[in-house]
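Note that the chains take the letters A, B, C and D in the order they are written out, and that residue 1 is the start of every chain.
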Amino acid sequence: MLYQIILSGLTVGAIYALIAIGFTIVFSTVRIVNFAHGEFVMAGGMIYAYLSAVHGMPVFPAVAIAIGACVVLALLVYELGLASMDKDNHIAQVMITLGVGITLKGLAQIFIGKDTQFPPAFSAGGPLAVGGATIPYQMLWIVGALAVLMLGLYMLLHHTRVGKGMMAVSINHYAATLMGISPRRSAVIAFMLAGLIGGAAGTLLAPVASAHYDNGIFLGIKGFAAAILGGLGSPLGAVVGGLILGLTESVTAGYISSVYKDAVSLVLLLAILLIRPQGLIGKRLPQKF
Amino acid sequence: MTLTSDRKLTIALLVALPVAAALTDNAFYKAVLVFGMINAVAAVGLCLMLGFAGQISLGQAAFYGLGAYGTTLMASRFGVEPVLAIAAGALLSMAVGWSISRPLSRLHDHYLAMATLAFGIIMFIVFANARSLTGGLDPGTSIAKFSIMGRDLSSMNQLFWVVWVGLVLAAFVAGNIASNQIGRSLLAVKMSAAAAASVGIDVVRAKAFVFAIGALLTGLSGGLYAYFARSFNATSFGIGYSIELLMMVVLGSLSRVSGAIVGAFIITVLPVVFENFEDYKTLTFGVTMVIIMKYMPSGLVDGILGLPGRLSRRAKA
Amino acid sequence: MLAIRNLNKRFGGLHALRDVSIDAPPGQITAVIGPNGAGKSTLMNVISGFISPDGGSITVAGTPITGMKPHEICRQGLARTFQNLQMFSDMTVLETVITGRTRHRRASLVANLLMTPRVWHDEKDAAQHAQTLLETMQIGPSYWQRRAGDLPYGLQRRVEIARALATEPAYMLLDEPAAGLNDEESVALGSTLRELAGRGIGIVLIEHDIELVMNFSRHIFVMDAGGVIADGTPEQVRSKPEVVKAYLGDEHGA
Amino acid sequence: MVSKHGLSSQLSRARLALAAVALAATMGVHAQDVIKIGAIYAASGPLSLMGVPEERGLRMKVDEINKAGGINGKKVELIVYDSEGNTAKAAQQARRLIESDKVLAILGPSSSGESLQILPIANESRIVLIAHAGTEKMTNPVTSWVFNTPPTDRVVAAHLLSVFKKRGITQLALMSAADGFGQSGANAVKELAPKYGVTVARHEEFNRTDPDMTAQVLKVKDSPAQAMLVWSSFPAPTIIAKNAAAVGYNKPMYNSYAAASKDLLVQAGPAAEGSFVSSMRLLAPDTLKAGDPLRTAVQKIYNDYRAKYNEQPATFVAHSVDAMSIVEAAIKKINGPVTRENLRASMETVTHAGGNGIFRLSPTSHGLDPESQSMLLMVARGGQWVADE
């Protein structure tokens, strides 16, 4: 039983991690928490469900279109909503992402509908038995996608010009501008990446947990919690945060109390923040006077 | 002294409310006004925390709930006079606000946002499951009609005045804070904690104070809500309300007490107006919010007054 | 006397302060100079309580303040300014300086919440006092209602000094107050500081502007690599070879 | 200065103007010619699972009435608000329907929490409220103006518990959603279980939208419980069915009526096979015997709904259709003007065989007749729900 609970917790944690990475990438470059991110995840799942259930499209084209649509959505969110805002007015920017989130929810409700949908899993069959425990195939896809994504991000951030530029912007906006790196371009790329990752997370998650226009907030909060737990701005932190969150929830539900599983995991989060106010892997910005 | 212009606007709003109420016999419009004022009391609390001291709270609904449940418990279990029950609920909320402020004072920005969000969710779970105290999510709890010294004051007209007095009190205290050294200390903590400390302001104590007063006002609002709703359950105190409060404060104007009141009415009234759009109401609401924040990033009050940015109020001092 | 004895501070491998001992008497300008990275800013932050020292002691007029929090140190009569400006940007200039009076306000919390006549009276007094200080710092009334963050850099520095003065300090730590000022402004600043010292305030000046230091301070401490390598009057310091080598020589040579 | 007299005369003038506008507005819609009915449904939000079919059912019934020429020659005009499942919002909407829209009666809302908040408002404003709430508190004790159409959660729980008793299930594991719907059901089951000799050996909760409930399922599997009862709306029942299949849970699974729809079968596929659901008759219109008085009513709702919306009706459809049918019957019985007071009095004389069962309304009964046998046990066989009694 313990083995299965840990395995389930880690796979759910992988989902939270996928969502958290989207928060963290936008935060690194734009320094705001994108409250619309949960809605990107929702949109990915909804569009995938719509294409496959209503139009009978095969899995992978439908997934590709759903993810593509999320990238475009994310780009629009940045260009129409945030691009021209005062960079230092964080709270106004956060409110815009909140408004955009509500807008996306409204759009999904109108164009796709209000039904709860379970689109098909990426591959048939399953679950896979792993030494006394089982894991659904779709969860393997999720874990695999997380691994591929982390590898891809690492390559992007450390081995490409674009990625290095984003890293520079995340460390120091001003200096990056002096070096000829455009914070705006980095922001565009960050948002597109967030759309890509969020959309992918949505399509991966929907066959397991359903797609519904109202799920964005729930998913967003879990992802945000994971990102904060690990330390905002660090993709590795997002993964660690996600896995810890998923594991805590699962172990609490299995051994302590399912009623208080969210409460226990959030108390743990608070406790960690009180000891490390910058999150587990986050770097503390030095104070300068 | 430096906030006289906003004080005038606040007073104008407070006076306009009874006038508006007198113009209609429609109990629904009155109920909207009353609910707007209840929200405004809570928003004024958050305005002090976020607008003045820069302490974001995404767990404000917890204080709202503490006020509502505290009031209900005092009134229903111990037969306490309603006004005193509301005071007790507000004080309970204040005590909790004060006691969480110390550990939270180490956190900043997004981390504080998450921590308060977590606090809000935890409290919601407690409200939903401490059934012997709260009645949980279903069937919830209920409270007797509002009265003073045995005199029934539960009609919408009478409740209007009760809640109005609550709002006037909240605005009076918040307006005073905004225009004296307490408000300046809070602003100082928000703008530079280091500099605030360097002029002798105890930053931790200032944060504790603002959490306490913010929780007190939001708790007061919760107590008023209990008498307004009479029957309610834990769903009223979820994250949704915390986010709505945040919208009220930011949409109105972060740096003004009047902004919180205006924002509260916008967030109370807009959904009622958009109700007629049926399926399009969520979309309309979202788009409206984006447009307001994009074109009036300092909030509607500053935007409409056409003054440049959040400091405009000071230019006239 | 602001007396600093054997202060030590390590950041990991870096020995940022080693056995630093400095005396700053009241009514005098005492300067601390040294090349970048000498430990001057760390010293400031340790004295004002933002960083706790690993060892050593600090006393203000005989009262030990080591280990106190920054706001407690302020209440012991020690005020400071910041190298990287720490303005209350969204306040007006006048409000900024009034905020400096916070520690001298006596009205109770409840009186403040209710805004009793006494609080109104206090507010007026504080404003009056702030205006006087602004005039002392040569900031004219036309600036008083401007947003503090919108002022030119040099003026912001002066507002910071006025804010520190509003706490009615016995000692002031000024962290590069002349940074960004032109020669003329710098000289004017020097005269103002001398006037303040004349009122009995002990001023500790950390500065890169050698002219200012040499012309206006009574005693100079020279720091390098976390330690005090020399001290004395401007003349004495100027002539010490180790100082010239470590600091002045470089500066003048450059 | 405006004198006190002057101010009040100004106010009254403004009032007069407002009244004139209001009058003009009501004249515009020919107040005499229509019957205005208000409704509050959670058409979005976590309770939309109930609110959406309820609203569709109501619109279907009203269309039918209007096509047939209305009630006593008057067309029915519907005003429906979306409460999003938010109690505060629902209460405001009730006031709006009463005061601004001036409706004759209010149907809904969907959840107990919302309904309980509106209950005192309806009684004090003196307007008929026909709620669709699961809590028996709506009609027990009976209050003058408030009616309720669904079988209460106690009725549903009692039905399931009687099934357990019959099948020798004495140890039960309860899985309920951490929301109002789940809590209400769990309360009813826990309260009534001892009466049927059933022990709740395990009680686990989950968020309706959690992506995985394996931990809870494992705890149930590990317990002495002989069966699992899931009380939640979607998507949780589907996820639990899948998780249970994955970890090899092999005891019977029962679901509340919230899962009584095609969705569970489609979404969970083989994992749902063999699971039971306590449903209202609407899911299986053919299970009623030929002579059953409910048969025609249930079949009509079922067929009409399929024809209109091209899908199977969820069980909630009957709540609103029954409510509207009762209002229709009551209005027809009114002698004299159709006022709120007359409607209320007339309501208490209506007997109606509806989709949810028999209503014998009277001053002492404002809901379903307890002997209605509203509930039916169904089992998933070969991808279909079939009656299991």
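Operating definition for what follows: a residue touches a chain if its C-beta (ideal position, glycine included) is under 8 Å from a C-beta of that chain, and two chains touch if they have at least 3 such contacts.
Here the structure is a predicted model, which means the values were calculated and not measured.
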Comparison of B-D and A-B by number of C-beta pairs in contact, larger one: A-B
Of all other chains, the one whose Cα centre sits farthest from subunit D: C
Distance from the mean Cα position of subunit B to that of subunit A, given in whole angstrom: 31
Whole-Å separation of chain centres (CA-atom averages), subunit B against subunit C: 40
Centroid distance [mean C-alpha coordinates] between subunit C and subunit A, Å: 47
Sequence positions of subunit B contacting 2 or more other chains: 125, 194, 281-282
For subunit D, residues that touch 2 or more chains besides their own: 44, 178
Multi-chain contact sites of subunit C, meaning residues that touch two or more partners: 50, 82, 86
Subunit D-touching residues of subunit B, taken from the complex the two chains share: 22-29, 31-32, 35, 125, 128, 136-140, 142, 225, 229-233, 235-236, 240, 271-272, 275, 278, 281-282
Residues on subunit B engaged by subunit A in the complex (per definition of touch): 50, 56, 103, 106-111, 113-115, 117-119, 121-122, 125-126, 129, 194, 239, 243, 246-247, 250-251, 254, 279-290, 293-294, 297-298
Subunit B-facing residues of subunit A, complex: 27, 33, 81, 84-86, 89-92, 95-96, 98-107, 109-110, 217, 221, 224-225, 228, 232, 259-260, 262-263, 266-267, 269-270, 273-274, 277-279, 287, 289
Residues of subunit C defined as touching subunit B within the complex: 48-50, 69-71, 74-75, 79-80, 82, 86-92, 94-95, 98-103, 105, 109, 112-115, 119, 122-124, 126-127, 145, 147, 160, 163-164, 166-167
Touching residues on subunit B, where the partner in the complex is subunit C: 1-2, 173, 176-177, 179-182, 184-185, 187-188, 191-192, 194-203, 209, 255, 310-311, 314-315, 317
